[in-house]
Structures are given as C-alpha cells and as structure tokens.
Amino acid sequence: MKQGRVTITTRRTMELVDITSSLHHDIAQAGCGPGLCHISSPHTTAGITINEGADPAVARDIIAGLKKIVPLDYPFEHGEGNSAAHIMTSLTGISVQLFYDGGSFQLGTWQRIFFCEFDGPRTRGVRWLMVEERP
Amino acid sequence: MKQGRVTITTRRTMELVDITSSLHHDIAQAGCGPGLCHISSPHTTAGITINEGADPAVARDIIAGLKKIVPLDYPFEHGEGNSAAHIMTSLTGISVQLFYDGGSFQLGTWQRIFFCEFDGPRTRGVRWLMVEERP
Amino acid sequence: MKQGRVTITTRRTMELVDITSSLHHDIAQAGCGPGLCHISSPHTTAGITINEGADPAVARDIIAGLKKIVPLDYPFEHGEGNSAAHIMTSLTGISVQLFYDGGSFQLGTWQRIFFCEFDGPRTRGVRWLMVEERP
C-alpha cells in the first residue's frame, strides 16, 4: 500500500477546491499501479466530496446551499465559533474511495474531487492511500 | 479486482431505488469470491445510500426530508436549475463499501442499498469493484 | 481479511459516542497488521462519523445542529415515528474507512470515530473489517 499527501492552501472561509489534478500528479510520482485509492482529510472542519467540476458555479452553489442548510448562528456550545463547520464536515464526510488505473481515477464524465474548506482560509493537507491490485 | 456495472432506469424526478438485488445478481455472474465491494455512482446529481428497505415509506420519507432540508428555489448560479440535486448528492455521498461473502453483501437486518435519483427520470449506471480476499 | 464487532450501549435518544478506543482494543486483540480498515454500522437509524473529540461540546453541537436541520415533526409516512433518524443516517453515512498501523488508526490530531445514535437508547453494534497489507 503506497501513501502520500498533498498540500492545499485555501483562500476563503468556505470554498470547494478541485484537487483532482494534484492527486493525479502525486500518485503518478509515487509510481502506483491500478488499485482502489482512499482519499481523506485529517481535519475536522473540512471534508472531501465528489461533484461536478465542469461549471465552477456548482461548487459555489454547494457552499451557498450548505450555508442555508446548516444554522450558522445557532447558540452552539463549542467555544471556537466554528460548530457549523464541524457539522458540514459530518454532512459531506471526510473521505472518498476511487478506482485508479492508467494514471487517473475512474470518475464519471462530470465528476471531480473537491476539498471542502469550511473554516478557512488555512493551509490544509489531504492524504491518499493506494490498495494496489496484485499482478 | 473484478468490476462491473448495473443500469438503472429511474421514473421520477427524485426517488430512492433499491439496487441490492441487481448488484447481487451482477456480482454473482462475475464469479466473485469474498471481498470488500466498492459501489459508486459516476453521476453528479445522484447518490448512493444504505437505509431501511423493509417499509418502502422510509425511502419516500428520505426524499421528502431532503426536499425540506435543501433549498430548491434558492437563487443558485448554475444555469441548469439542478443545484439542489448537486447538493443532495454531496449530502448522501456517491459511494458505499460493503463486505461481500457467499453470494450476498453483509448488510444489517433492515439495510438495503439505494440509488438516489435527484434529477430524473433518467437512465443511470452504478459501478462496483471487488477487492477479493486472497486464498 | 480479519473481522470483528464491538457493542455499544447508548443512553440518549440522540448522541455521538466516541468508539475509537473500543475499536483499537478489539482490533489489537485480533492481531491485525497494517491495512485499510472498514468500519460500519448495520443499523438504519444510526451512523458513523469522524469529527473532533477533544472538546465534547462539538459532538453535542453536531446533534443540536442535526435536530435543527432535519424536520423532526414533518408529516412522514413511516409509521414508527423515526423517519428523522433514518434521514440523519443517510446524511452522516453508516461507514468510514481508515488506515491502521502500529496499533492505531491514522487519524488527524483532533479526529475521533463516533457512533451516531439517532433513535436510542439502545444496544448497538459496529463491525470492522481489515484489508491487511501483504508482507
């Protein structure tokens, strides 16, 4: 099982960042063969999701929708004021799994992998782990 | 690693379709032994979830609930008018993993695997990938 | 692939229970080497999530947030009165995957694994399955 990590610098409080190319590059550098790739965020106020990447408005609409769905101003207990970001993280989840073969992930036509920043801007990391197919 | 794909024809704008039997059939045809099965949707307006299949009202309530949770008429940017479907896809997620053994998935008593159509009706596909246990 | 199951006794209608230590203990007892661990709930009114465990207020805020997000009193069809719990289960998901090595999961600094009780109190179970790295 090969492993790696890519670094992401987010620029807004909340945004979706397309990390597909960064992951492709890092995994190619590691010389991985075909396999099931597990991609995860080690953070608790940032998730991972797969959604449309063709029109960047979709990523912005997902953020806009989450802001409407999750109560931002609810009198939460946690003192850091970022409970909404923790809730969004549990809604999207922090990991995805994808089949990798021939230098890229097996994604649908419109699918891209997004890092979901819910409490930025920050420098963040994403880990990947490849369970390679045996020869 | 064996792979396959099942086709699903949805009949409504939004509905949960039980795909457990279709997956069992397709995986049995492929002659898979025990292993961890990754099941995923290649779409960006349709997810995969595991929930109760005994009472079909639960699947309808999940759809009814999602329609209450996600703002359908919010002034979204994306021009296709299906941003709510994209958001729902990121809420449920597009994949599940299950242990497969002896011809069926290791599911809880009430659990079934559902394809979540959020922008139908359409002809859709679901992929599966089996990481087989070695002998 | 080694497998196991831990039992959880929940005490409230809705609560997040940190199951990280129970899983570590059970997996160590089974003598697992490094690998990708799949952790799942066989229930349809209880999920699994990874979130902050340092401040227990975060877990309470996640429950408080979900109660605001999901309509509890919506006229649902399902006769058992727990449709909101089924919806929450599809929002958080019922499984997570983590890399395991040297006796513990590869978690971020603040991450812990939580069993999400949405329709308790009950006695519940969580399954784990380890895809071990080959020597």
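Which chain is which? They are A, B and C, in the order written, and residues in each are numbered from 1.
Definition applied: a contact is a pair of C-beta atoms (placed from the backbone, for glycine too) under 8 Å apart; a residue touches a chain by one contact, two chains touch by 3 or more.
Since the structure is predicted, the reported quantities are computational estimates derived from the model, not experimental observations.
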Note to self: chain A rotates onto chain B (CA fit) by an angle, in degrees and to the nearest 5, of 120
For the homomeric pair chain B and chain C, should the interface be classed as same or different, according to whether the shared residue numbers exceed half of all numbers used?
different
So what's the Cα centroid distance for chain B and chain C, whole Å?
20
Residues touching two or more other chains, restricted to chain A: which are they?
69, 91, 93, 97, 131, 134
What does chain A use to touch chain C in their complex?
1, 3, 38, 40-44, 69-71, 74, 76-80, 83-84, 86-87, 89-91, 93-95, 97, 127, 129, 131, 134
Chain C contact footprint on chain B (complex, rising order):
34-36, 49-52, 55, 57-58, 60-62, 64-66, 68-69, 91-93, 96-99, 106-111, 131, 133-134
